[in-house]
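Let me begin by handing over the structure; questions about it come next.
First chain written, first letter: the chains are A, B, C and D, and each begins at residue 1.
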C-alpha cells in the first residue's frame, strides 16, 4: 500500500518536471499533499490525536488547500495563464530527472542511516533534486515558487524518514514559518505579475554589476 | 708649502708655455711665456661690463670657482713635497672641489640668459660628469697599488710593491687626457675657435669681463698646474734629493705643457658628438690600469 | 601606545572643533609641546641624561625604548616637521580659500598625527604597536597628500600611495610573524633570537621589501614620483625629508640583529642601492616637473643611504670596523642631511610653483630677481644635494667614499671589484646630481622669464622664508664643522652596530678637522677676492649692457637655452637605458608660411609602466572580465549552491580537504 | 523577562498598525528601542539563565544583543528621515517589519536549540522583506523576491542538514535538539553524516552569513534597501547568520571532523574573499561596494574560525567591530545620497565641496573598514595573520593578496566621490544637520575603542565564548 504511494509520488514529480501549464502545477501539488499525508500516516509508529492533527494541518490543510488556493489567487489576480519558457528543453529536463533519480538511489544507499527508512530517503532526495532542477530549468518565477514548494515537500519527507518527534511548539513554529514564507512570496509574486505583466524571470535580472 | 709654491709657480707660466709651443709648431714666434699672466693682471684692474640680465651669480660665482680650485691645489703633492692639507680620503674633497667649481661655472654661464652660454654649460656639465669616473678609478687603482689613503701617499708610486716606471707613464697619460677634458682643450674643445656654437669653455665666459674673467682664467691656469703636478708626482721617484726633485718637477711640467701644445698643434678637434666616446675611452684606459694593478698585486 | 592613540584622537578632535582662527595656533601649541617632549627624550638618550623616575616608568609602561638611533631619528623628524609646519602657515594660505574649512583643519590634524606616529615608529619595539604607528603614519600622510583633492589625479596618486604602503605593511607583518617563531609576542627584540637560529636572508628580505617600499628603493619606488607632485609642498618636504627615511630606520633597526648571511645581504644591498641611486638621478635629469624631479632625487638619495647601510653590514660581517662604522655613519648622516636639503628644496620649489602656478620648469626663468631668498635657499640646497663642499651633503658622501676606499685598499678580488663598481656608481651619481641641479637652478632662477608673467612674482611670505632659512643653518654648520656631528654619530654607529669591535675614532677626527680647514680657507679666499673686486669696482664703476648675442640684436627670452636642450645630449646617451623621446610634426615642403608647431618631449618610467602598472592593470582587468558570478539570475544563484555542494563533495571524496 | 520582551514587541508591532499619528508611531518605536536596549542590559546581568526553555543568555548572545541594541538605536534614528515623506501604510509596514526583525534576531541570538534557531532565522528573512522592499521600485521588488526566495531555499537546505545530523547522531529519537545535546551526540557520530550535515547547513546559512555560495542576494538587498536598513541588514542580520552558523560549528568542532571542517571553512572563506575582490573592482555603486566588503569580512571570519579557539576569539572581534564600522558606513551612505542624490559612482562627485563634514566621515569609515589602525579590525586581522604564522604561509600569501586587491578596490571606488565637479547643487531641502553625524562618530568610536582597549567584562565574554581565557588583545595589553 505504502509502496503505491511512493510510486505515485515519484510519478507526480516527473509530471511536474515535464508539464508547462500552471494549473497542472497546482493540481499536482495538491495531489502531493494528499500523498504525503498518506505516507506520514503509514509511517507513524505511535498514534495520538495531537500528532494526527499536526500532520493533517501540515499536509492536507496546508499543502492541499491553502497553498493551491493561494496559487490560484495569484493566477486569477494577475490574469496570467501559462507561457512555456524554459532555459532547458523539456527532454533534457526529463533526462536530468532520470539522472537525479539514479543519484538519489546511490546517495540513499551510501548514506543508509540505521535510524532512517532508506526508501524514504530515496524519494526525499529525488524530491529535493526535482525542486532544484525546477528552479534552475524554469524561466518563469511561478515555476521557481513551485520548485521551492517541492523542496519543502522534500524537507517534510526527510523529517518523516528520520522519524523525529519535536515538541508541538517547535512543529508549529516550522509550520508557521513555511506558511508565512509562501504567503509573502505569493504577495511579491502578485506584485511582480502586475508590474511586468508576466512571470518572466528575465525581467528580474537588472541587479548585476 | 714647497708643494704649493711649486704649483703656483708653474701655474704662472704653463699656459703661456703651451701657447709658445703652439706658435713654434706653426712656425711663428708667439707671445712671451708670461703673456697670460700679464693679461690677467690687466683684467684684474679693468672695470667690468655686466649683462643686463645677470645678477648676483655672475658677481660671485667666478670668485668661488677660483677659491675652490685654490683649496684643491692645497692638497696636491708636488713630487714628494707634502701638501699643506693631507688627510685620509683627501682626493675625494679634491675631486668634489673641482666639481664645485664646475657647478659654479655652469650657473655663471646661465646667469646672462644667453643661449650660447647655456650650450657650453650643457657640454661642460656632461663631460665633467663623464670624466669623473676615470679619475676615481685611477685613484682606486693607485690606492690598491700603493696602499695609500691620501693624494700625498697614493702618488708615491715607487714605494708600491712591484713598481715599474710604466705605471708612472700610464698614470701620466690618463691624467693628461683628463686635463684635456677638464680644461677644454683639443681634441675635446678648441679654445681658439671663433664659432660660439662649437665652443665649450670659452663660450661660457662670453659675458664675463674684468675681474671676473680674470678669476676664470686664473682657474684655468691653476688647473694645468695641478694636473701637471699630479703627473710629476707620479713619474718622479720620491726618494731623490729635494733639489733634483724640484728641477725634475719643473721639467715634467714643461714637458706636460709641450705635450699639450703639440697635441693642439697636430691634432684636430673631434666632432661634438664624438667627445663622449673619447671621454669613455679615457675611462676605459683607467679601468685597464686598474686591472693591471690587480694583476700586479696578485689580487686577481 | 594606548596613550599615543588617545592623544592622536584628542588632538584631532580639538583641532577640528576649534574655530578657524585658533586651529592653527592650537596646532602650533600641540606641535611645540610634542617637539619639546620628544627632543628632551632624544637628548637624554643621546647624552645619557637620566630622566625622572615617573617618566621612565611611564615610558617602559608604554613599551617605549629610546636608544641613540631612535634619538637621532627623533631629532631629524622634529626639525623637519617644525620647518614644514612653519612653511605651511604661509604656503597654505592661498589654498585655504577654495577648500572647506574643515578640510584644512583636518590637514593640520593629520600633520600632527604624522609627526606623532613617526616618533612612535622609531620608539616602539613591539611589532603590533610598531605596525599600528606605521599605519597611522601612512594614513595621515595620505590625508596630507590628497589636500588638493580637487586637482586632477591627486586622489588617484594618494590611493596609489596608500595601496603600495599597505602591501609594504603586509610584508612587514609577515616578517614580524615569521621572526616571532619560538618567542612570546611579536617584536624587534625577537630578531636576535630568530637570526641566531635561522637563515637571515629571508626575513631580512621581507623586512627590506616592506621598509623599502616606504623608502623608495628601485622597483619599490613607483609611488614616489606620483605622490610628491600631488602633495602640497610642505608635505612633500616632510614626506621626502623624513617619512621615507623611516624605511631606512627600519632597515637599520633590523640590521642591528643580523648574525648570518651578512656578506650576501650587505653586498646585495649595496648593489641594489647603487642601482637605485643611478636610476633615480638618471630619471630625475629628464623631468620637467620640478616636484617630480625632486621626488626622483629622493630615490637617488635613498640609494646613497642604502650604499652606506650595505657597507655597514658588510664591514661588520668582515670584522672591519672602519668600513662598517664609516658606512653606517655616512648612511645616518646622509639621512639627516637629506632631510635638511630635500625639505629646503621642496619648500623653495613650492614657493616658486605657488607664485607661478606651474610646476613645469620650462616655463620658468629669471625668478631670482623676484624671489632672491628663495633662490639663494634653492642654490644652497642644490649645492648640498649634489654633495659638493662646503655644505653638508659633501660630508656624508665623503664618509661613504672613505668607507669604500678603506675596503678597496684591503679586500680580495670579488669584494674589491664590487666596492669599485659601487664607488664608480657613487661617482656617477654625484656627477649626474651636479649636472641636474646646475640645470634646475639655472633654468628656474637665472636668465629671463620664459613665459610672460602677468605680474612680477613677489617673494614668498615671511613664514615661508623663515622655514627655508631654518634648514640652511644646520646645512652650513655641518658643512663647516663636520666633526660636531660626525664624531657622535660615529660613536653611535660603533656602539650600536658593532658593540663587540673596537673603533678608533681618531681615524675620522683628523679628516674632519682638515675638511673644516679647507672649507674655511675656501670661504676666506672667496671673501678676500670679493674685497679685492670691491676695491676694483670702487675705482671703476661697472657698466651694464646687453647679453652677447653673437651680433644678433633682437634676442629675446624665448631663445634662452632650455632644460630639454641642456639635457639633450645626455638624453641621447642614456636612451638605451631610459626611454625618452621627442615628438613633433616636421614642415612640409610646400608650406610657405608655417603654422603653429608643437614639440613634445617625454620620458617614461619604464619600471613603473612595465613592472608595476601593467601587471596591476592586467590583474584588475582579468578580475573584471571574469566577474560572472553576479548574473542577476536566480537560477544561477541556486546553481552555485549546488555546485558548491558538488565541489566540497568531490574534494572530500578525493581526500583533498 | 524574555517572554515579556516578546509580548511587548508583538504588542508594539500591532499597535503600530492601529495608531494613525506619525509621531505616536515613532514614539512606539522609540519605546521598543529602549526595550531592546534594556533587554541587552538584562541579558548581561542574567548571564547563563535559560528562559522559556529554548532561550539562553549565554555569553555569545549577550555580546550580540548589546551590539544590536546599539545598532537598532542608530538605525531607528536615521530611519526617521526616510519615512518622513512616506504614506501611512509604508511607514507602518516599515516600523512593523523593523520591530519584527529585532524580535526574530533576538530569538536567533538567544536560541539554544537548533530547530528554534532555524525557525527564527526564517522569520528574519520574512521580516527583512518588508524593509528591503521599502522603496517599492522595480529593483527593490526584484531584490526582495530574490532575497526571500534564495533565503528560503537556503534555509530549507540547512533544515535538511539539521535533520541529517540529528538522524545520524540519534538525537532524532530523543528529540533533544539543543546544542548541548547535539554536541555530546556528535562525539560518537559517523563522520560522513556529520560532513553532509555540515556542508548543507553551511550552504544554507551562507545566505544569511553573506559568504559564498549564496551571498549574491544579500548584496542586492543591501543595495536596494534604504541606507539605514542596509546598515542593519549587513550587520545585525549577518551577525544572526554568524551566530546560527557558529553554534552548529561549535557543536561539531569537538567531533572527529574538526580538521575537515577547518578546510571547508578556509575554502569557503577564500572563495568569498575572491568574489569580493573581483566585484570590488567592478562595482559601480557605493552601496554595492560596501556590501561586497561585508562578504570580504565574513570570508575572513570563516578563515579565522578554522584556527580553533584563538580563531573564535578573532572571529568574534572581527564580527563585532565590523558591525560598528559597516553600519556607520551604510548610515553615512544615506546621508551622502541626500546630498549627492545618487549612489552611482559615475555620478557622485564633489562630496567634499558640498559636505566636508560628511566627506570626513566617509574617509574615516573607509579607512576603518579596510582595517587600518586604529580600527579594531586591524587587531583581529593582525591576530589572524599571526595565527597563520609561517606554517600557513601559502594561506597568508593568498589572503594578503586578495585583501590588497579589496583594499585597492574600496579606495579606488569610494574615495573618488570626494573630488571632482559636483553634478548637483547644494540642496537646502535635504540639509544635513550636525546631529546626523553623531551616530557615525559613536559607531566609529566603538570600532576604534576595540583597538585601544576592550573593557574587562567584554573581553571576558569573548574569552568565555572562545574558551581561550583572556587573550592578549588591544593595544593596552600588547606592550
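Operating definition for what follows: a residue touches a chain if its C-beta (ideal position, glycine included) is under 8 Å from a C-beta of that chain, and two chains touch if they have at least 3 such contacts.
Please read these numbers as outputs of a predicted model, since none were measured by experiment.
J.: Looking only at C-beta pair counts, which chain-chain interface has the most contacts?
T.: Highest contact count among chain pairs: B-C.
J.: Measuring centre to centre with C-alpha atoms, which chain is farthest from chain B?
T.: A
J.: In angstrom, rounded to a whole number, how far apart do the mean CA points of chain A and chain C lie?
T.: 69
J.: Could you please state the distance in Å, as a whole number, between where the Cα atoms of chain A are centred and where those of chain B are centred?
T.: The answer is 100 Å.
J.: Take the average of all CA coordinates in chain B, do the same for chain D, and state the distance between these two points in whole angstrom.
T.: 78
J.: Between chain C and chain D, tell me the centre distance in angstrom, where each centre is the average of that chain's C-alpha atoms.
T.: Result: the chain centres lie 43 Å from each other.
J.: Using the touch rule from the top of the page, what residues of chain B touch 2 or more other chains?
T.: None at all.
J.: Touching two or more other chains, which residues of chain C qualify?
T.: Those would be 627, 630, 634, 638.
J.: Name the residues of chain A that each touch 2 or more other chains.
T.: As it turns out, chain A has residues touching two or more other chains at 135, 141, 144, 204, 206-207, 209.
J.: Give the pairs of chains that touch; include all such pairs.
T.: So the chains that touch one another pair up as A-C, A-D, B-C, C-D.
J.: State the interface residues of chain A toward chain D in the complex, per the touch definition above.
T.: Residues 111, 113, 115-116, 128, 135, 141, 144-145, 148, 151-152, 154-155, 158-159, 161-167, 170, 173-174, 176-177, 180-181, 184-185, 188-189, 191-192, 195, 204, 206-207, 209.
J.: Which residues, counting only chain A, touch chain C once they are in their complex?
T.: 87, 132, 135-139, 141, 144, 201, 204-209
J.: Would you tell me which residues of chain C are touching chain A in their complex?
T.: Residue list for chain C touching chain A: 627, 630-635, 638-639, 642.
J.: Touching chain D in the complex: which residues of chain C?
T.: It comes out as residues 1-2, 5-6, 8-9, 16, 63, 100-103, 106, 126, 128-129, 131-132, 135-136, 138-139, 143, 149-150, 154-156, 158-159, 162-163, 166-167, 170, 173-174, 177-178, 180-181, 185-186, 619-620, 623-624, 626-627, 629-630, 634, 637-638, 640-641, 643-645, 648-649, 651-652, 657.
J.: Which residues, counting only chain B, touch chain C once they are in their complex?
T.: 44-57, 59-60, 63-64, 66-68, 70-71, 74-75, 85-90, 92-93, 96-97, 99-100, 102-103, 106-107, 109-119, 121-123, 125-126, 128-130, 132-133, 136-137, 139-140, 143-144, 147, 149, 196, 206-207, 210-212, 215, 273, 276, 290, 294, 299-300
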